[in-house]
Every structure is written in C-alpha cells, then in structure tokens.
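Two complexes, one shared chain (chain A), two partners (chain B, chain C).
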Partner chain A sequence: MALVESTPASKERDARQRDWFERIPAGYWVVCIALLIMPAFASDFTLYQVFGWSFILGMISLSLMFLGGYGGMVSLVQMSVAGLAGYMVAIFGDSAITDISLGWPWYIAIPLALIVAMIFGTIVGSLAVRTEGIYTIMITLAVAAAFFYFTRQNYAVFNGFSGFNGVLPPNLFGVDWRQSVPFYYLTLFWAAVAYFSVLYISRAPFGLALQGVRDNPRRMAALGYNVNAHRIAAYAFAALIAGTGGILLTWQSAQISPGTAGIGPAIDILVIAVIGGMSRPIGPFIGALIYVLLKTFAIDVLLSVGLSGERFQLLIGLGFLAIVFFSPDGLLGLWDRWQDYRKRDPLLDRGEDRL
Partner chain B sequence: MTLLEAAGTSVSDRLSVTGTANALELRGVSKLFGALAALSDIDLIVKPGERRAVLGSNGAGKTTLFNCITGDFAPTTGSIRFFGEEVAAFPAQERIRRGLRRTYQISLLFSGLSVLDNVYLACCGVSRGRFSFVRPRRNDALMASAENLVHVVHLDDVRDTKVSDLSYGQQRQLEIAMALSGAPRFILFDEPAAGLSPTERQELIEILTGLPSHMGYIIIEHDMDVALRVAESVTMMHNGQIFKEGKPAEIEEDEEVQALYLGGEEGLGHG
Partner chain C sequence: MRDFASRHPVWTVIILLAVAVFIWLIFAQWPKELVDVIGRKKVFLNAVFNGITLGGLYFLVASGFTLIFGLMRNVNLAHGSLYLLGGYIGYFVASSTGFWLLAFPVAFVLVAIVGIFMQIFIFRRMEGQDLRQTLVTIGISIVMADLMLWGFGGDFYNISPPSWLSGPMETLFVTGVKRSSGELIYLKYPVVRVVIFLASVVIGVAMWLILNRTQIGMMIRAGVDDRDMLSATGARIQLVFVGVFAFGAGLAGIAGVVGGTFQSVAPGEDIRFLLASLVVVIVGGMGSITGAALGALLIGLAEQFGSVYFPTYAVVLTFLIMVLVLAFRPQGLMGRS
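Now for the complex of A and B:
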C-alpha cells in the first residue's frame, strides 16, 4: 500500500482535489449565480409558480430518477410517497380541518411526516424489488392507484375527497415562507440539497453498489452484496427525497387532496424524468422546468392561435413523443450528443460514429 | 442500515469450525437442467490451503459445479460444506461473506465503471462499508486495498480506465483482482487463462503461485501446462461426474484420461 500512495497518479489526484472549485465548468457557475440572483429580476409569479413548482416537481422526479437511473427500478409510487408526506404534515401539524389535524409543532410534525413517508416507501420497495422491469412499473402503479382511492374514500384520517386546506409552513425566523421570494429560496435550497446528495451518493459505496446491482445483480451477490436489501435501501432514500418534495408541494398550494397524488400526477413524474433524462440528477429538474413552462404557458399560446386551452396536455404529449423519438435519454441525451459533435474534428471525424 | 445486513458468524464461531474441517466438502451434489443432468452425484473434498485443478471437456459440468458451490444457483440435491458449515441453503452473498470467492469464465464486470471502482466495489461487498453514503476519503482502508489489488494484477496503468475500454486480457486480470478482494479463504477460478497471451499467462501463473499458502483454490483449466504448474492435485470431470482424482503426474499418465481427454481433443496441451 505504501507503494501505491507514492505513485505520481495519486499526487496528481491530490492536486485535483485541492482545486475542486476550479474544475467546475464555467457554465455551472453561471447557472448557480443566475439562480441565486433570480429574485432581482423575475416576477413573483415566475418565482413562485414557475421556479418554485419546477424545483418541487424536480425533486419528486429526482427520486424516481435515483431509483430508475441508478437502480434500474422504475417506480411510479414516488408521487404517492410525496402525497403521503404532505398529508402527514397536514395531519400531525396544522390545517383548516381542525377536527383531524393534531396541531403538533413543526419540529415534530415534519420529521414524523418524513419518517412515515420513508416507511411507506420502504414497504412498497420491499414488494417491488421482487419484480423486474414492467412488473415493477405495474406494481408501483397499482400501489399509487390504491393510495389515490384510499385517500379519497377515507374520511377519518385523510378527510376524503376534499383533503386538507390551510396547510401552511411554520413562520420560522419570522418569515412568511409562502411569499414568493422566501418560497423561491426555500425550494431552491431543498432542491439543491437533494440534487447534491444524489450526486454525492452516486459515487459513494452505496450509490456505486446500486449501479452495480442495476448492471449485474448476479455478480453483485457474488461479491457479497445483498441485492434486495440494497434495492430496498434505495427506495427508502428515494422516499426521503420525494417526501421532502411532497411537503413543499403541500405548502405551495396550502392544500393536499387525493388529486395531488392521483394516477395522472404519478405518470407526470415519470414523464418529467424521461423528458429531462435519467442518466444524471440534473435531468429531472430540466424536465420539470419544461413541464411547468408548458403547463403554465401552453394555454395562452393555444388560445392565441385560436385553439382550445384544454389542449395543453396534447402539447406535452407531443413534446414527450418527440423527445423519446429523437433521444431515448431525454434532453440530457441530446445535450451529450451535441457536446460530442462539437468536440469532433470536422475534417477527420465527421460521421465516424455512423460507421 | 446495519439492520439490513444479515449477521455473519462471529470470528470465534468460524475458528472453531475451521480447525479440523475441510475447506470444501461436497456430498451427493446433483444439478438438473430439465432432463439434463449437468452434475450427478458429485463428491468432492478439498483441504484448507489445497490447490486443485479441475479438468474436463466442454460441457462436462465444471462451471455448473462452481455455480452450485457459490450459490449462483442452487443444486438440485446434495450437501455443500464450507469450512465445516453447511452452506447449500445460503444465498450467494452469505457464502461470499464467509470467505468464498470466484471468477467467471465469461467476465462479469461493471463495464461502465473504472477498473479501480470495480475492485473497490468488490472490496466493499464483504465489508460493512457497503451501505456507506460517504464517499471514500484519500486514506480510506478499502480504497487502499483496492488500489493494492489493482497493483497486484498489474493494472496500475489503466486504473482509471473504463472497463469497456480494456483489452480482453486486462479484463481477465481484473476478474482475478476482484476475486482476491476482502479476505478470501478459498477461491474458485473459472478458466482464468483462457484467451490470454503467453506473457499474460505467465503473469497469471505468478499471481496464483504467489498467493499466501493458506489460500486454497480450485482452478478450471484446459491447458495442462498451466494446470500442472499451479495445482497440486487434479480432478477430472466428464458428463457431470468425477471419474478421476490424483496427483498431476498420475493423471497425465492415466490411460483412461488420455483416451477420453488428452488424446480426444486436439491442441489442449497448448491451449
């Protein structure tokens, strides 16, 4: 081992580690700074409705990307996990439905909500890991459907069809977090935490092993890994991200009802991840921004050209088809191909990869 | 996360069974694939530290034997004892954590990851660190042992190369490094020399003969020259059965063996 430590390669790595911030490409700094100073020039509506919502949907979709991209398990239950966390803050904390809400302080209600969401995610995970591919999608979709109908019919705990309204974030530090600027920073902060955690964990033993399980479960078992335990742990971690997103989503509209986590939204989360790309954690956020932009502005565009505003779903569907058709790995895949294309020497390499 | 890890046997448990027991003891192991008996009624005993070569024609059941021992799939019938402990009902990872390792005849590597990451994964698999959410530090013990193993199999130069960009021979070396990870007590090598150049083959022989003497192994090898240099005893398989066991010299001179195997297929002596 002493031999290895003194090789030039490891010295080179030391140097790279010291200057990590220099290795971050300029584009990332631009995006970072743009996001931080956004409130200086964006409207309240843009901050709250476009970016706030994109960050939240991006997080929930990120939990799907974590399971799908790194674990090879496409789970449609992530929106239900998010919804459950939202319900739990309404039930443990405060809402307008005072008969049901327990009114516990936020520092108990929020951790409890996340724990419940993680338990739910873990239980669904332990069912789903017994299946592969299309069956994983089916079983998680079935759970999502069951969750939707259960919350709609259960009045004692979930308050049935109408759910809970008046679910507000705590007035921590004397800030009203539902004002557009604080809400923007709140969601940006948690989206960044989720994004960087996933990025970090993807190279930690747990994340590496998860990718190993995706690529070759049999080999992983032959290396001493308990493949199913690893997959279930991934569901638990994904549930934590989805749950955080779900609580923010509930605060954003100050309400949670069965429709929040219906089958449509569950599939939208998948669509977002696919549009953005599942190969890297930034994909879901790109997908979420596009989804939110379409959902927010497509109606205006459609009305202005004389079509019915209802058709925005059609636009999303067409966009989805176009992206899946041209790039199975979403916009990230298109971006990667564009980068490869630019790097090639036009005289020597053009068209090489078509051979 | 530690709750998810099944508790391994304690060190004292292991030592008590290690004292007298055989490294590997198979009794009446059979494996049926539908009507095909890939293994029928195999009895096999390997002592701790013993180095055994398994020879046999294509389809003799050698790889199937390995798969049953490691738990890649369960034998149809039979008992498998690993250092005295009955492991036939254990899932693969439990056997691996008890010190059993293997390589695959067709490399099963993580092609999207670097050489070092592959070995690092192998090192994590048998440690408690496998659920760690924390990236390895520079002085991480597991990473250090992974780097050391990469060095042992002469892959330092391609340490950060993606496995899909490696040559065939390098992939075979990497398979070996992964089998040496953790603290193996017994290793199964499935045709590690197949397809290697003469130089690579020589390096492989040096790695195998250089292993610590308590580390026994079984090596499947078509090339008699290699087998004779790395093993002290030989088992011959044919049609899912063991039909001869003995010292290399005895096996080489045995008429039945020559008729069935050495004379039967051309070029085996040279690989």
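Now for the complex of A and C:
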C-alpha cells in the first residue's frame, strides 16, 4: 500500500519541481545571465560607477518602494537610515579618523551598524505612523533634515562637516572588494538578496496583511490585525534594506559625510522610486539605473546642446515632473499600459473603459 | 480658553507659571546669582527678540503654507522656492529703484501670479490626488531651484533697508545698571526687525479678521471643513482656490523680501524655509492660522535660544519640540483631530 501511495506523491513533487523551474519567466533568465556575465565585456568604470552605484541606490530606493508601494507610507527618511548605517560602520569599524573609530572587527561592526540603523528606522517609523499620507512625507522630511543638520554639527560622534573617510570594506577571503569586478558582484549579490526578500515578503502573510492595511486600515483593524504594528514592522524591515545599501554606499566612495544623507539625496531617492515605479520591486532598480546614467552622462549631452553641465538637476527635475504628470506609476506603469494595449482585441474592446 | 483651564488645571498652572517666569526674566533686573548661572541679561534679551522676530518671519512663510494646505489639502513643497523667488525679485526691485517698500507689492504680485499659474495649470488637473500633487511640487521645487541658480548665480544677495529704518533703537527693556553712575542701561535693537515684526503681526491679525469676519473668510473656512458641500451650495470654489493659492504664494514672496532684509537671499534658503514652515505647521497644527503663529513663535524662540545657549544642538531642540508635539498631540497644538 505504502509503495502504491508514495509513487503518485513523488511524481507530483517531481512535477512541481519541474514546474517551479519552468515557471520562471524567460525575462528573468535573460536579465540574470546578462548581469552575471556583465564583467566580461563592460569597462571598470561601468561596473563600479554605473552598475555598482545603481544597485546601491536601487536598494535604498527599494526600501522606500516597499514602504510606499506595499505599505502606502512614503518615507523620505530612508536615505538617513542608510547614512546612519554608513556612519556606524565608520564609527564601530575602521576609518582614517582614528580618534573616533573604534576599530572593531567587521563581524561585530557590520551587524551592529545594521541593528542601530534598524532601531533608528523603527523609532522614526513609530513616530511617522501616528500620521497618514502626505503628513508622513512632511514628518519624515523633517526627520531627514534634522539628521543632516545634527551630523553636520556634532563633532564628538559624527565628526561634523567632514565626516569620515578611508572607510574600507574588510579584506574578506583575500579579495579587495573595492576593485571593480568584486564590488560589482558584491553589490549585485546584495541587491538580488534585497529584491528577492522584498518579493518574498510581499507574498508572505505579513506582506499581504501590510497591503491590506494600505488599502483599508479600518477593515484590517476590525479583522483583528494590529495596524500600527504592521506599519512599524515594515519600517524596521525597510531600514534593514536601506542600512545594507548605506554600508555599501559608504564603501563605494570610501567616505561618509553629512552631504551623503542630506535633503537633496533624500529627495533623489524618492525621485528614483517614482521614476521607476512603486508598484513592483523592480521599479526602483530601473529608476536608479536611469538616474545614474543621467547623472553620469548628462554633462556630455548638455554640453553638446550648448548648455553648461551644471543643469543636471534641471534635467532630472523636468524628467521627474513629466513622469509624475503623465504616468504617476512611473516607467513600470508605462510598460503595463503598453502591454495592455498590445493584448487588447481591436474588435471587441475599443478601450473605452480604460483611462 | 476657560474650557482648556477647566479640563487641564495642572497644565494651566504650569503654563501660567512658565509665562510668569518668562515675563519676570524679561522685565526684572537680574540678580547677580542668576547672571552667574545663565549669563548676562543682554544676551538673553537679544535671544528673545531675535527669536520673536524670526518667529514673525516664519509666520509669514508658514501661514501661506498652512492656508493652502488647509483649503486644498495640497502640501506645497515648492513653497520654499516661492519664498526664494520673492527674495530675488525683492532684491532686484529694491536695488534698481531704490525704494525698499516697493519691493513688497512687486514681490507679492509676481509670486502670486506664479502661484495662480501653478494652481490653474498643474494642481487643478490633479485635484484630490494628494500624493501626486505633493510629488509634483517636489519636481517644481527642483526645477525652480535650478532655474534660479542658473539665473541669479550662487551669490548671496542682501536687501538693504532704507536709511530711516537702519540703525538701532532704544527699547524699554533694561539690560543692566551702569556701575559708575547707577543709571539703567536699555537694550538697543535694530529698528528694521521691530518694524517688520510689527508688520507681520498686522498681517496675521488682518488674516484672522478676514477669515473670521468676512464673507470670503466664511467661504474659505467652509471650504476647509467640507469642500464638496461648499461647492454644492453654489460657491465658485475654483475661484476661491485660485485666490487662496495666490494669496499664500504672495505671502511667501513677501516673506522672501523680509528674509532677504533680515538675513540674505541665496540658493539653499528655499529648503531651509520650507523645512522651517513644515516644522512650524506640524507643531502648530495643519490649516490653522493661530497654530501657525504659535508654532512660528515657539520654533523661532527655540532656534535662537538653542543657538545662544547650546549652539551644537540648536537644530535638535527644534526637532525635539516637533517630536514631543507629535508624540502627545499628533494633530498639532491648535489642530483639530
């Protein structure tokens, strides 16, 4: 009996495993393989400055997308959380400012930095969840500004205006992680981890409850969910992602200063998330790639049209305005609409019910 | 007021005591022990005056912000840019014509026109979409900041007040006693700051009167409470919106001229004043003019006292006030829940 019973079950499992393998869309394979073999043909500059930076900004933006897209809370404090994690790595670990840096080994400094960032994110979150919608933007913006001014004025811990330089990643496995290829894979790895964990959480009970809270907090409260606890937990998780991004960002430029987490960068993170689209976790990475490409190459383009290269902000601002104006859900929204348009049957559905 | 006193007797006593101590500190001649502890009275009085006048400036910026928010639910994050634009306009008008007073109406009208354009061409198209409006204002502020940097450069501009307003004036506040003759020394304070503060008080009172005593004010208040109902009664709500947006923007423009006279006009000031008005409005309560006045006064005083008595953490003091208010009264001091 046992034999007879086990055979269909194992067959089913086999089928499910094959299914799982086949269910991954072809697009994923293409992107995955392209990203993995990228170092074979891309230059060091592209790997380090363009892709490394995009992955990092994408991660920080992803934490905003997680809060904004799934939790309905647009938080401008994510860059400060990232900055704090960077600062903590510089303070607990090694930097050129030896009077302040404690020089603890990386396996203590990095987890401690992430924990501090998470605590900060949670505290800000528990303040921010007392308000809703646009108020959240205002309060988190005010917190981000306070963080910027505080780090700029505090010399005892944050070393004031100049911050910390010489913050290097540990020489783990004998690899110099600031070389372009190792750094590319390092950022790619963590970006992938962040991406898939957000994807996973968005389908896990917690993420579903969070999306329920976003859509109708009162109904979720009536169902017995603790609305604020879900929101605060979302802040804590987002802080973890932002903190990881912040540490990588600090390693990338080997320094951290108040300007890294100023008001401009905080708004840039929002710009990135909105340009990419906040409906799916891939959006922030697309936005980050566009932002970095613009920031890196806008000068050449602007100079060729006869404007000075300083007008980069204007370009970004106008692009952002255009996106918000014509496609509030970012490039992902444009893509979705195009897909819809292609699938539409021209005879049956003339698209009158769509806007 | 009486309502508050009967509901919170303990708090009333504490607030009254604090006010009494504050008034005593301002008017009394300080005994020597007190001077030893917190420094000279002149420093203290200067901080008080600077704080109050700075509060007046903050009120000018924040009242437009809170009015626009209260009526249209539009968090205008480009408000700081309007402030800066007003400052630049004021500088060029004042320096080219030589009339300082002329800068105010010109800045008011021009910035109000910018506000009208923003309301008609941008915000009307996305009415009721709070988040999208806010994002658009962020975009506008980025673009405006860069355009202004392009047009006016990164220099600091100072709007100089006319000669009849420059220089210090004697006030009635005693800072100390001359040791040799026993004469009282009175505090000297810049005339222009006092005049501007009085002007902002006048503007504030006028706004309060318009809001509470006139037909237009009635319409605006009705709109704050229930926009849809107001338009259902036949009021031309779009006109009210445009008018309020223009007025709020114009106030920011005037504040820019004031700020340029107090301090200076430079890139980056837009963000600073946007943040100040954010904090003021969060502390005072969204959409409330009295709240904006109270919040502006508190934040102005906190900033000045912070920079005098504990310079490193001045910003943190402002921030602390905001956190405390949020923790105990999330709707703001004067806000309605």
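In this section, the second predicted complex is superposed on the first by the 328 of 355 C-alpha atoms of A that agree within 3 Å, B and C clash if a C-alpha of one lies under 4 Å from a C-alpha of the other, contacts with A are read in each partner's own complex, and residues count from 1 in each chain.
By our rule, contacts are C-beta pairs under 8 Å (C-beta built on N, C-alpha and C of every residue); 3 or more make two chains touch, one makes a residue touch a chain.
Since this is a predicted model, take the numbers as computed values, not measurements.
In the superposed model, A:Ile299 lies in contact with neither chain B nor chain C.
Contacts of A:Ile232 after superposition: chain B is touched, whereas chain C is not reached.
Contact with chain B, but none with chain C, is seen for A:Ala222 once the two complexes are overlaid on the shared chain. By the document's definition of touching, of the two partners only chain B reaches A:Ile201; chain C does not. Shared-chain residue A:Leu102: touches no atom of chain B or chain C.
Contacts of A:Gly212 after superposition on the shared chain: chain B is touched, whereas chain C is not.
Of the two partner chains, neither chain B nor chain C is touched by A:Val175. Taken together, the two structures place no residue of chain A in contact with chain B in one case and with chain C in the other. Across the complex, chain B is touched by residues 1, 3-5, 7, 9-10, 13-14, 17, 200-201, 203-206, 208-209, 211-212, 215-216, 218-227, 229-230, 232-233 of chain A.
Against chain C, the residues of chain A that register as touching in their complex are 74, 127, 130-131, 133-135, 137-139, 141-143, 145-146, 149-150, 153-155, 263, 267, 270-271, 274, 310-311, 313-314, 316-318, 320-321, 324-325, 328.
Those residues of chain C lying in contact with chain A across their complex are 73, 75, 77, 129-132, 134-136, 138-140, 142-143, 145-147, 149-150, 271, 275, 278-279, 281-282, 286, 312-316, 318-319, 322-323, 326-327, 330.
Partner chain A is touched in their complex by these residues of chain B: 1, 4-6, 70-72, 91-93, 96-97, 102, 104, 108-113, 117, 120-122, 124-126, 129-136, 138, 142, 144-145, 147-148, 151, 156, 159-160, 178, 181-182.
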